[in-house]
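Heads up, the next two complexes both have chain A, just with different partners, chain B and then chain C.
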Partner chain A sequence: MGTIRMDRRLFLKSAGATAGAVAATQVGCLRYFKKGRSSAAETKEIPTTCELCPNKCSAIAVVEGGFVKKLNPNPENPKSRDMLCARGNAAIKQVYDPDRIKQPMIRVGARGEGKWKPVSWDEAFDFAAKKLSEVKDKYGPQGTLWSSTEGFQEVFFKNLGLAFGSPNIVRHPTLCLASVNLAYSATFGTVPSFDLLNSKFVIMSGANRFESIITPDTMDLIGGVMERKAKLVYLDPRFTVTAAKADEWYPIKPGSDLAFILAMIHVIIKEGRHSKDFVATYTTGFDQLAEHVKQYTPEWAEKETEIPAADIVRIAREFADAGARALYYAGRRSSWYQNDFQMRRAQAILNAIVGNWDQMGGMVPNAKLPKGEFLFMPWDEPKAARVDEIETAFPLAAKGDGVYLKLRENVLSGKPYPVKGWMVYKQDPMNSLPDQAKTMKMIEQMDFIGVIDLQMSDMAWYADVVFPESAYLERTDPVEVMPGIWPAVVYRQQVVKPIHDTKPNLEIVQGLAKRLGLSDYFDYTIDQWVEAEFKDLPIPMAAEHMKKHGVWAASGQPSYGKTLNPEHRFVTKSGKIELFSERLQEAGHDPLPVYTAQPQPRNDQFRLILGRVGYFTHANQSNNVWLHEFMKENDLWINPKPAERLGIKDGSYITVTSSVGSVKLKARVTEEIRPDCVFMLHGFGKKSKMQSLVYNVGASDAVILETAWDKVSGNAAFHETFVKVANA
Partner chain B sequence: MRNTLKLLAVLAALTVPLAAQGGSDTKGKFFFKKTCKSCHTPGSAAKEITPLSKTQAQWKAYFAAGKHKKGAEKIDSVVKPEQVKDIQTFLVNHASDSPQPETCGG
Partner chain C sequence: MAIKKKRYALVIDSRKCINCKACVVACKAENKVPVGNFRNRINEERKGEYPKLSINFEPEQCHHCADPSCVRVCPTGASWQRKDGIVLVNYDECIGCRYCMVACPYDARYFNEEEGVVDKCTFCSHRVDKGDIPACVETCPSKVRVFGDLEDPTARIHELLSTRRYRVKEPQTGNGPQLYYLL
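Take a look at the complex of A and B:
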């Protein structure tokens, strides 16, 4: 029996849906700049949800005379802890940014030349639909690629690609934390939260939580460390703000974190310090683990990590003694090495054997809150297999996300089939993928590129047509459940009318769908979608509550121990926490984490390492005028010893060269990094002249990063690049 | 011969793996939520059911038996016969022992 063909008639019969008219909001272009604000106007406070990073903190917009005057934190959201960071405040300047894309535009010069023709929405939709149809006619729907990053309206873009018939939806996780997600899913069947507010002993490997903000983790860690409730041990080749605040900082040899963790497990098991009852009741594979880690002694680990064996033993004992309130923190960052999955899984196993699962101060499975769902008309499944061959190359990876770098390799090779059309939503592959020259080649071989974005990113700069999306303060989005120890439901509602000729992503998708003959799949309004989601919130007058408060957080109190029942079934193959994984073994991977020493740079080379700061989100906000004040140009951190050897002075211009590219930027000579590493910040050296503050200022790390990925998850491995540094 | 092998390889690559089960995950989710969840929700007369209620083997066995309401009626008397395979595909793909790693957003 095959699947049934869904048509509009059947859908309406099944769903009881009614067609809704799309009400596109059009307002006069540049009204803000022409008229300015009226000080005598009425002031309103409208709750909404921030979009300047993925944390989704609750905010209250102060609106005066139709313009956003200020953004305040919303104390009702336990996740954001009554905080709105610098980025959140700078969302005002995202709306009133003179560099914004102000109307649809079609390229008239060569790609990247920067010659654009402003067009009407109809012209832009007609143009893109014609080009997409031409690719479809020639190469099939699988000849199109749909790439996006996370956001409340991403679902509409993804669904358009699928309804079009393309299996090639590629999302951000394999440029983000796919290895963490897969490692914890493979061990616990889920990715838990870390109760930093109540933990007593925390170890972080390169998770620079004081600068790379995650809510509520950053605030909870500050509370924990400042009040001395928690001890923080931090491993990082770089002396970050988190290193400065930690009780102990170890500038670990890059690539050896797995050795440190395995040696900790060795000590804990050898000395019988693991939680025996918990291991016996909830886990499987302990005996195999115990045998496996016998080889990983602290003395062996000292040679790999450059952390003294005595310290490893002491830290292991302190960690085990803290037991349920000890945490090896997973963090949220991209992969470093090709064995990243196994390093993350070793962390998960270490957490498991001290019994911190579902305990106050430990790892807590995420609580969720109910909400309704808008049932849209489903389409036929795409007929082709994915171009990244995820099913065979990464059988355990999340199929709906794709594997970005393998996908790029296959698209460049034209195998297993050609891909010639590329639609992009709110993503900048020119800066988020390593080896920019390869991304440029991929761009060159496309017959068509369309980009939906607020700003003229480097990717948009090379597009054939750009569709300007309304800023989050100018639109209403789907309702989102934020699972966690303190779960909340958040609502992003329109605060002001769009100031330019922009549209919310849903309306852009609908405009394309109409011309591609796919309207039936998108036959609803955002209001209908949101109303359906409000419907199942278990609170009286849910719609009114969410519009008034912007957030609902149930009791606001954490609930520990719900899964601490011997009958509880974890979402794993065995139903237990899997220390030894049969599923990994069946897929051809190590069922227990095996350490392999990483290659190290030669004397004339450095390892390029990456990291983040609190005022930019990836490559995204360096052009925001308020945030730009914090940092106007990136530089390269280099230790004084090699700097002296190379004759490099602080503040002088240098060239940094890898096997795939070379960049020029200023040197920062500092003791705050190991002599064998260099560091540079993401988000500078833009090619788009409509990123005027950072166009050709500093350098883009994407130019020199080499292509490598984690073997199990396919996650991009960003610390595998060796560079040479010389005076410019 | 070499070209034929190449063609066969391309055709194999173009075959969607889910087709092995013959159903559509997307449509299965829709029919499950529209039909099954109209009764099997918290607080309803019928017991709450989610894909996590059974393992993959249990869901396959359930649909092989083809019975509903503890065997009192055939499953295709409550779900349209042409929808059963889609619902089975959705439930098996997301069962309590299914290899579905969590992801971010989306």
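Take a look at the complex of A and C:
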């Protein structure tokens, strides 16, 4: 229990079964065999860190003749647990994708027309710097927006925006997990990890962990559930793979998860099943909570959720009985409803009262590891306030990340001030934001758009200048400490030389900085940056170790219970775990989660819900030929009952229409979804012709999703859209 | 050192399979399988009416049978079996007649149009011969497959097959399949 499974491969590796000992027989490799290419070409194995999704799994690249031939999992990373998923394996095709942007390009036709002029890096930098300076002269530095998605080199891009003087840095969390982060921070003062390896009872609301892969949670949970060490109760309007593997699946009425959780708290407190010692020692506001949840009976919740009251009572009892090893799992991409924060808060409160805090099999505050920092020349803080008005609209939200949808509204209205320049790093707002027509309007009103990306995303397609970034296998990145129950340090080092005229993001940032007069702030190389980071790592011979292994993990067992000391001060206002939150009350929000019924679709409407499959999770993966093979086109899941009523046949084309747009895609008539919901996968229906496999194939959910956000965190609410469906 | 007899086999715990396709892509990369062809796949079985539903996934590939029908029907001897049980295709001798594809009870073979030969899973013999495990086994997030030598009493597959119930597919063919699916 609690140990990490280390596989035979690690043993064999450390036992010295290295390359060269035995000549490889290449029987399985047709091309080699037939075309007589030498199988004795020098093979190198270089450890690195995957970048196909945000999990940062450790991989070992097998390089032959300067080409990446294979990516093997690296067993030394306790978070990636000696695995590499389909996406990770397909990273090879990211490098050798014929659709890649192969040199800098400046737009010559109208935006989105797809007419490009290949240019030198100097031309591209000069052009962008001139345009950014023009915007700055006219509107001030705050007239520029710098948006980026998660990645090891994101820091350089963000710093360029700040050094340029713009407060308008907007990162991905409010399109993802900002509501969870804020809810757990508001309750515990930190966002913990969930010890699924050792948990005995897990409840999951829609997090679909067996298709939306998060390491090590996915692997730990499938092991636990299938080896009967853990029970999994799963709530989702859709019969996902997680639902199929769960012990119990409830197709809950969408938007009512909060009612289910409040009723569980009601039962646990009413029956005195909460962890009384823990609650008394570590929490504050229990009496107010007990009073507050009296109204939320299981019978009431049955009406809201469509989950039988008897099941709610039984699940609450089983959950409380599992005590410290019971988990209401938080999940990622927690952007569903306008009450999302309060729903996540209720989960946090439920977890708190059964006393699973900092326990084996419970929620564990993340262990961290020290890392050195490169000291660069600091710049003056941007003077203007943020355009998204985060300070006043979302006072509790993470300022540095921004609030994306509010920001888009304000940019469109030009208030509080105009934003006319947009730099984008590896993000595709055309597909990652709801209501594509609105994003398009935002694009149209920009004087300048520059995009840094590996591939011609839809955003890049509408840019004025495109800077091609080198793929992760072609570059070295900053060192990343991965906090968690099993903290680790990972390193991404260059595996092969760039095959096209591309640059790592840092060099792109430096090229721009030089022309913007900001060179002093970026006067370092990636090697200097990395060397500085290596310095404070708790690893002997850190640089050598990281280059040789790609990862370092603290050995031994996780240290549970470090905060379980009555003197421990949580990073909350009271210093306790806050069941009742004064801070929320002061900010004008409910100090305890209050349920309000969500609007439900009428007869002729469906609620559009979103989700993932294991081999596509992000819009940047669908054009990968090895992943595309599994799904060439997305479709719309619809239950047979409404399909029959509407005369919709499986496989026929249908139109799906919301208040903001309409798309055409194939129907998938399936029992595996509630009759009042429809579902489609993300990442299709691209507008960019340089996403050739998915250009104009299937449909983009962004076209029909409506704009809505969680009131507390500003997180986009992606499940608030009702659509009508008809034969095309 | 005396050469010990080997017999490679695969034990599969399908219940742990989440259909993530990691094994399929790892195989594709490792063995340079053309786009559109697959040496392994995940069979899906979806049943029931809302809300009483089930989904089962089952990894499928060459079963490296004890008495493989593909080898029996091959007119040129291109399909052959190593002493350790691994069934292979000698591409230089394959004439592309595809009898073996018909004879395989598991639909585990495909015709490589570009090369004009039949191809299939090799148990990653080139890796196994170096002491590694097959790519599909190694990459799997939930470790559905366990690879090993049935002649080695210390192998984990031994423990699994002696302590767990299992089945083989299409036993009536007399092929003696060596993929063991845990129940």
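Here, the second predicted complex is superposed on the first by the 686 of 728 C-alpha atoms of A that agree within 3 Å, B and C clash if a C-alpha of one lies under 4 Å from a C-alpha of the other, contacts with A are read in each partner's own complex, and residues count from 1 in each chain.
In this section, a contact is a pair of C-beta atoms (placed from the backbone, for glycine too) under 8 Å apart; a residue touches a chain by one contact, two chains touch by 3 or more.
All figures in this text were calculated on a predicted structure; none of them were measured in a lab.
With both structures placed on the common chain, the touch criterion links A:Phe210 to chain C but leaves chain B unconnected.
Once the two complexes are overlaid on the shared chain, A:Lys70 sits against chain C while remaining clear of chain B.
By the touch criterion defined above, A:Tyr96 reaches neither chain B nor chain C. When the shared chain is aligned, no partner comes close enough to touch A:Trp300: not chain B, not chain C. Within the superposed three-chain model, A:Ala244 lies in touch with chain C and out of touch with chain B [touch as defined at top].
Of the two partner chains placed by superposition, A:Tyr139 touches none, neither chain B nor chain C. By the touch criterion defined above, A:Tyr653 reaches neither chain B nor chain C. Of the two partner chains, neither chain B nor chain C is touched by A:Tyr695. In the complex of the two chains, the chain B residues touching chain A come out as 9-10, 13-18, 22-27, 29-31, 33-34, 52, 81-86, 96-106.
Contact residues of chain C toward chain A in the complex are 13, 15-16, 18-22, 24-26, 28-32, 35-36, 46, 48-51, 53-56, 88, 91-92, 112, 115, 117, 119, 122, 124-126, 129-133, 135, 138-143. Chain A makes touch with chain C in their complex at residues 5, 7-9, 12, 17, 21-22, 24-31, 33-34, 69-73, 81-86, 88-90, 92, 210-211, 213, 218-219, 222-223, 226, 239, 241, 243-245, 249, 251, 614-615, 625-627, 629-630, 639-640, 671-675. The residues of chain A lying in touch with chain B in their complex are 1-4, 6, 14-15, 54, 142, 150-151, 154-155, 158, 162, 167, 171-173, 176-178, 181-182, 184-186, 190-191, 373, 375, 377-385, 389, 391, 396-398, 400-401, 416-417, 569, 571-575, 583.
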